[in-house]
Amino acid sequence: MAVMTFAGAALKNFFSKPVTTKYPAEPAEYKERTRGHIEISIDDCIGCGMCTRCCPCGTLSIDKIKGTWTINRFDCIACGFCVEKCPKKCLTMVAGYQTPDGEKETVTYTKSPEVLEAEAKQREEMAKKAAEAKKAAEAKKAAEAAKAAEEKKD
Amino acid sequence: MISGKLISAICYVLFAPLIGGLIDGIGRKISARMQRRVGPPLLQPFYDLGKLLHKDPIHVAPSQNFFMMSYLFFIVMTGGMMFLGMDILMCMFVLSTAVMFLYFAAVVTGSHYSSIGASRELLQMVAYEPCVLLTCIAFYMVRGSFETAEIIKGDISPIVYLPGVFVAFIFILTIKMRKSPFDISTSHHPNQEIVKGITSEIGSRNFGIYTLAEWYETVFLLGMVALFIINSNPWSILAAVVVIALVYFLEILIDNTSARVKSDVMIKVSWAVTLVAAGFNILVLIYFLG
Amino acid sequence: MYKITRSPWVMHYDGSSCNGCDIEVLACLTPVYDAERFGIINTGDPMQADILLVTGGINTQNAPVVKQLYDQMADPKVVVAVGVCACTGGVFKDCYNILGGADQVIPVDVYVPGCAARPQAIIDGIVKGIGVFQERLEKMEKGESLTEDKEKKAEETAESEDK
Amino acid sequence: MTATEGKNEIIAIEPGELSVKAMEMKSKGLRLSQACAAWLRKDEKLELSYSFVDDDNYDMFNVRISLDNDKRDTEIASISDIFPYAAFYENEMRELFGANIKVINLDFHNKLYRIEEETPFVPKKEGQN
Amino acid sequence: MFDLIIPFLICFPFLMAVILLCCGKSKFGNIVSYFGAVVIMIASVAFFVYKGVSGGFAFGQGMYVNTEIADYVILAGEILIVLVVTFLSFKYKRAWVSLLSILPTAAIIFQEEIAAPEEIEHIYIDKLALLMIILVGVVGSLIIMYAVGYMEGYHNHHKEVQDRRNYFLALLFMFMGAMFGFVTCASLIWLVFFWECTSVCSFLLIGYTRTEEAVNNSFRALWMNLLGGAALVVGIIAFYNYVYPTLSFRTFLMVIPQMTSFLGAVSLLPVFLMAFAALTKSAQLPFSTWLLGAMVAPTPSSTLLHSATMVKAGIYILIRLAPLMAGNVVGTFIAFIGGFTFIAASLMAVSQTDAKKILAMSTISNLGLMTACAGVGTAETTWACIFLLLFHAVSKSLLFQVVGATENSLHSRDVEDFHGLLYMLPKHAMFMFIGITGMFLAPFGMLIAKWSALKGMVDGKHILLILFIVFGSAITSLYWCKWMGKLIAHPHKEKKVKDVTHAGEMISFWVHGLVMILLCVFLPVVSVYYVDSIIAGSDMFNTNGAAIPASTMYILITILMLVFIVPLVLYASGKNDHSTEKLAYMGGINTGKNNGFVDFMGEEKTLMMSNYYFEKMLSIEKLMKPAQVVALVALLIIFSMLGGYSIGGMF
Amino acid sequence: MGKRSVIPYGPQHPVLPEPIHLDLVLEDEKIVDVLPSIGFIHRGLEKLTEKRDFNQMVYVTERVCGICSFGHGYGYCDTVEHIMNIEVPDRAKFLRTIWFELSRLHSHLLWAGLMADAFGFENLFYQCWRVREKVLDVIELTTGGRVIFSVNKVGGVLKDITPDMQKAILEMLDYVEKETKVLEKTFMNDYTVESRMKGVGVLTKEQAHALGCAGPFARASGIATDMRMRGYAAYGELDMEPIISNDGDCYGRCEVRIGEIYQSIDLIRQALDKLPEGELAAVVKGNPDGEYFMRIEQPRGEADYYIRGNGTPNLDRMRVRTPTFANLAGLCAVLKGADYADVGILAVTIDPCISCTER
């Protein structure tokens, strides 16, 4: 029957330095891999929507036209799946957590105007091309239909 | 003489909370360091008390407020009587009356954690009461009086005659100060199987009152420890302070190195210690010192 | 005016959290983070608590529990939602038994994001909560009612939920 | 000690055979490691699986009852009298999948989880709302 | 004229009893009883006051030296008792019990006949007797008043019991008569008669319901008490034949200390036998079981047995004997048995839920304390003993009555059912509260008396007794506290209870409560002016008794009064204090009130809180036997010691 | 009958931070009847398979529980891998094993702390958690998360353990081993601790079998079952024996868990020793179609996974049977006849994880 078996350890603790961190007097230290929050280099984003689709929480939303990428940081579980999936690797997981707040606000990143412009231009072109392609396809279809009709007649 | 007593009693009423709070703060700091952490600031107990008294007062049953006030009053009275140099056995009886009020404040709510805590408080009382009474009796045997004013007047410190009783009293002190391993009716640490036990339903202002009462009680109990040391030599007061400091440190060490035992073990062990240490001491006193 | 910033006693309730945030709340109290430095005590008892830490989302069964614990706390009181589950329901918000974050049943004052919320974040959250607490106290001492304030907040959150 | 993967078999049975099978497993000294239901969305089938395991060689036998959609509330006798702790699994299956398990020794009456939705895992039958 | 009050006090109750017996079943009995009770009360108070005024309580007074007619009446009474006992014991097939009555009676009659004629006083009034008179007179008549109302309720809800309430009341009166006789008589012969009288009365009272249990228990009470009576008789005969040929009680008390020096242990034998008799009457271990069994009777009888009469008769004798026991082997053993009973009975009380059983165990344990005090036999402890007796009588009587009344309204006397009594029967709860505080809390006299006892024992260096007391009183507080807690707890269910308490009962409560408080306020006065001089009486210690100087006592009482006043003041001042009401904490699942929670199925369940009883460890069944064995062994040891000495001394 | 108390325990209760509710019937402080109630934490995440594809589900399963998070992620992935017949690279297997054991290490230290807390030994609780922080540091270093690792994916692992990290792990192991020795002394020898654990909540081997208990709870009653012996992940290549105790009481359970702390330390060392080079993950093509029952050893015991794929990304059924669920019956059994003061201890002694149980 031993009593106070912990006395040695307790006394040793008493005379040694506490292990307590200095936070918040000193900033927190993070490990390199720490999954803190998601950063985006928005201009690289191609708005493919891969991240929004793969996010298990549905935290992300994008607006391709406006060139925005929106995240609700109070909803992100920092799983890093979006980072893994992003084809352009424009998402990164960085250390440091989102500070607590009284409101759950979403953050929206908007592409810089130049990029937006370029994109809009590109889109226009694309649209044009698409329209052309569509026209062509339609014409083709119509032709085919006509052909078919003809064949039927036969 | 009377006025001296009066002054000490008034000092007790006025300063015991300060000393008690400070002691509490020191205790928490020491505890923290034993746990290898920084711990709260020294004045934390006062911050806590201030906050408690500033919150919106709450109760579960209206009579709680009055029971808690009575509890505080009788605790203060206990110490006051002791510092007035009055009968120490009576002090103890008043102390039990005070505990009774705390008990009532807990059971009046009918809620389970506080009721269980209250029942356990009674068991604690069963555990420590014999030793407390024996301590008083031992003082009486040594000094021929129950009055604290007389007890402090001898030439030799009572502890010389009463080492066994002293040990038993220190043991019992663990129960009274609600330290592990005997913090079974309520505990300073939050994680009790009965939550906050007897104080479960006591919040905001009432809890402030409770805290205050505890400080008074601490000072009173440490005063009891001092009684073992103090004799007619003024230097003995210094010795008493040192002993109190040691005892308090020991209590904290015990608190930090033991698990909370169950009530049956508590009663068994404390009665055994009472019987063996205090009982034997008194026996020796009776039959060998006449 | 009394400065209360030094003695926030917290009570932790585990809504339907995955334990991740719970153990981080507990970790705050342990030697490495030692929340007691700021006077933070973890009490299990709503009667004595100033700050309610809710982890995890709200489901049908625990909604009344959270509400009741909140009601049992003495004014002024503050609610801190810890972890994205408690903020929005997090990864579980599409589950059939999750109603959403803690703000579904009680007004939340501070949201601490993270999955799991880091101890530092939790400490920050509590410290932020203390600020709210102080405001409320001052209000209370002036005799203004706190309930309005809370109701407004609850409405607001409800609205934002609707959106 | 070398690692043994253990057998992992699925044994299909009729609903009525369950108790007999459970008795057999029990007499072999196996324990029930789990019981669960599954709703196959494509085939519209409710499957109940009771897994019995052997603690010595890590064998696992999964006893399977398949119920077509129209038969999904076939009465199934509880095995909680054979394996008392099966009660929890059976309550769960009943509450979440609507499996019609009868005479469970510790019956929670569909209140194990106390959820609002009835049998969330299976689509509502026609005629129900 | 006032001297006639003594025979009046003795005879009048018997007269009332006869009248009541004649009343049959008529309601007339109620009026008779009220009348009788009031008369007795007035008479005893008047006598007390008169004695106080006329003599300043200063003297003892012997009376009735020549009592030939009375002697014949007594003789007839003795024979009547034997006949009753014999008849009943044959009827209930316990013939052997009759022997315990026949033999001693025969012996004492024989002794009386062969005794040399001597001039002795038959009645002697001193302060102790006076105290007992007023106690019996006031408490006893209050009990009768209470009984009238109580029996009404009792028979309304115990239809199975034959309604013989006038017979019951008659017995109560008889009992009082016997008690008056017992405390005032100074002749050992008379003493035996009144002794047997109380034994038989209690026997009849216990058997009132005539159920099998009642019969069994009544016979247990009977044989134990008769055994005590037998010991008394043997003691008297031994005293007369071997120590000093007199039948005067007073001489007995005075002569023994002187004889001890040259007769040795022989002279202690009668003392021991008398004390032994007192042990049986005071239900000390190993004879405690009869008092427990007495519970089967309607409450007023228990009240009477427990508070002012019967068991106190034993204590009364012990107080008388106290100076003879100081410091000798008899005293030591009696004190041991008392102390042991104190702690053992308190332990057993912890395990009880039945309120009356708790009261019974606490009676036994308190009697143990008194026995111990008397056994130690110093002035201080005797002082304590008298105070204990006084306070115990009043608070116990109150408690028993309240419990009985509560039972009539609540149909249960289980302490667990008293949960939240304050909300159901507030008055009852309040009186129970007063009664219980009286039993153990400051500032009431019990506590101060206990303190004084402790001090006396420390001075006497009775380490074992000290241990008994310090441990015992811790346990005592346990069972009282948990009872008090029950009363004020938040009720389990909102339950409406119809209060069927009679006005008579209520009056009795009020008077008791008042008396208690007055006694406690005027404790120093009572001590200084009254009890001290009992102790200082010529046949007692000739010293001042109080262990505490009166001045200290005044301070104490003043301070302790705060225990009363402060809560009241706080209560009043806290009334309109602002404070918000919250639900009790139940892990967050109360159902909107403080006594219901959501159970595992989501439905409401009532929260039940019960006290701790440690049934497995501390039940009466478990502890009684071993405790009895210990006490019995102690008795056997002392008996063989004294017997050995005496026999040795004789040759 | 008047002497019984009927009281609730939980759901909010500081000893066990998780919400479990018990209806208790007490006599004095002895428990004569107990009825468990769960559901305060039920989320219904198994049904998320209908809304999330099988890759996203990894992250959901990881959040079944924040303590045994890694195991859930692993169990899920392994089961899916079985269904899809994916051969996981050896290095991934070893890495998974290391992380698994790290998670066991932190879980057991956490348990030890909670246990100390439950019997009111504050300091011991703090020290256990202080040691545990070191483990968490390493976990954060290697995975980036303190409690949720998020390193599993179907087909393998996402992150590697670099040589630097390996060194950090080894250092940490030495430290933990040293500190655990100190803690062990108190857990196993201290009088007050023993008085709370010895003979409390005894479950015999027969009872444990009959109640279907799992994990350390069962092993403490002498049932030598440990799913790691099945040799999944890299366990087949490591040396180990199940740790058992025959006491069947809280003390025995404590003994087993402390033994497992050392065992985990040993296993991590072995695994680091044998760590092969190679790929981190295999390529995953297609969707799972089929079913599989998987059994792994979580810190709290055997966890069963059952997955049913139907050829679409959304699984038909994902089912986790957690050890605590299996131990509930055992918990009720040990509670009956125990003291109220032991409720916390007994609740903690099975190392309950309610969020696992209710999912």
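Structural remarks
Read from first to last, the chains carry the letters A, B, C, D, E and F; within each, the first residue is number 1.
Here is the rule we go by: a residue touches a chain if its C-beta (ideal position, glycine included) is under 8 Å from a C-beta of that chain, and two chains touch if they have at least 3 such contacts.
This is a predicted model, so every value here is computed, not measured.
Any chain touching chain B that also touches chain E appears here: C, F. Centroid distances built from C-alpha atoms place E farthest away from chain D.
Centroid distances from chain F, each centroid being the mean of CA atoms, peak for E. Distance between chain centres (mean CA atoms), chain A to chain D: 41 Å. Taking each chain's centre as the average of its CA atoms, chain A and chain E sit 87 Å apart. Computed centre separation for the pair chain B/chain C is 36 angstrom, with centres defined by C-alpha atoms. If you average the CA atoms of chain C and of chain F, the two centres end up 28 Å from each other. Looking at chain B, residues 32, 34-39, 56-58, 60, 112, 116, 190-192, 195, 200-201, 203, 256-258 sit in touch with two or more other chains. The set of chain C residues touching two or more other chains comprises 13, 30-32, 34, 37, 42-47, 59, 61, 65, 69, 74-75, 90-91, 94, 96-97, 115, 118. For chain D, residues touching at least two other chains, in rising order: 111, 113-115, 120. Counting only pairs that meet the touch rule, the chains in contact are A-B, A-C, A-F, B-C, B-E, B-F, C-D, C-E, C-F, D-E, D-F, E-F.
Taken together, the chain C residues at the contact with chain A in this complex read 31-34, 37, 80, 84, 87-88, 90-91, 93-94, 101, 109-115, 117-118, 120-121, 123-125, 127-128, 132, 160.
Chain A meets chain B in the complex at residues 3-7, 10-11, 13-14, 16, 18-20. Across the complex, chain E meets chain F through its residues 353, 414, 416-417, 586-589, 597-601, 605-615.
Interface residues of chain D facing chain C in the complex, by the touch rule stated above, are 113-117, 120.
Residue ranges of chain C in contact with chain F, taken from their complex: 12-27, 30-32, 42-46, 56-57, 59, 61-62, 65, 69, 90-92, 94-98, 115-116, 118.
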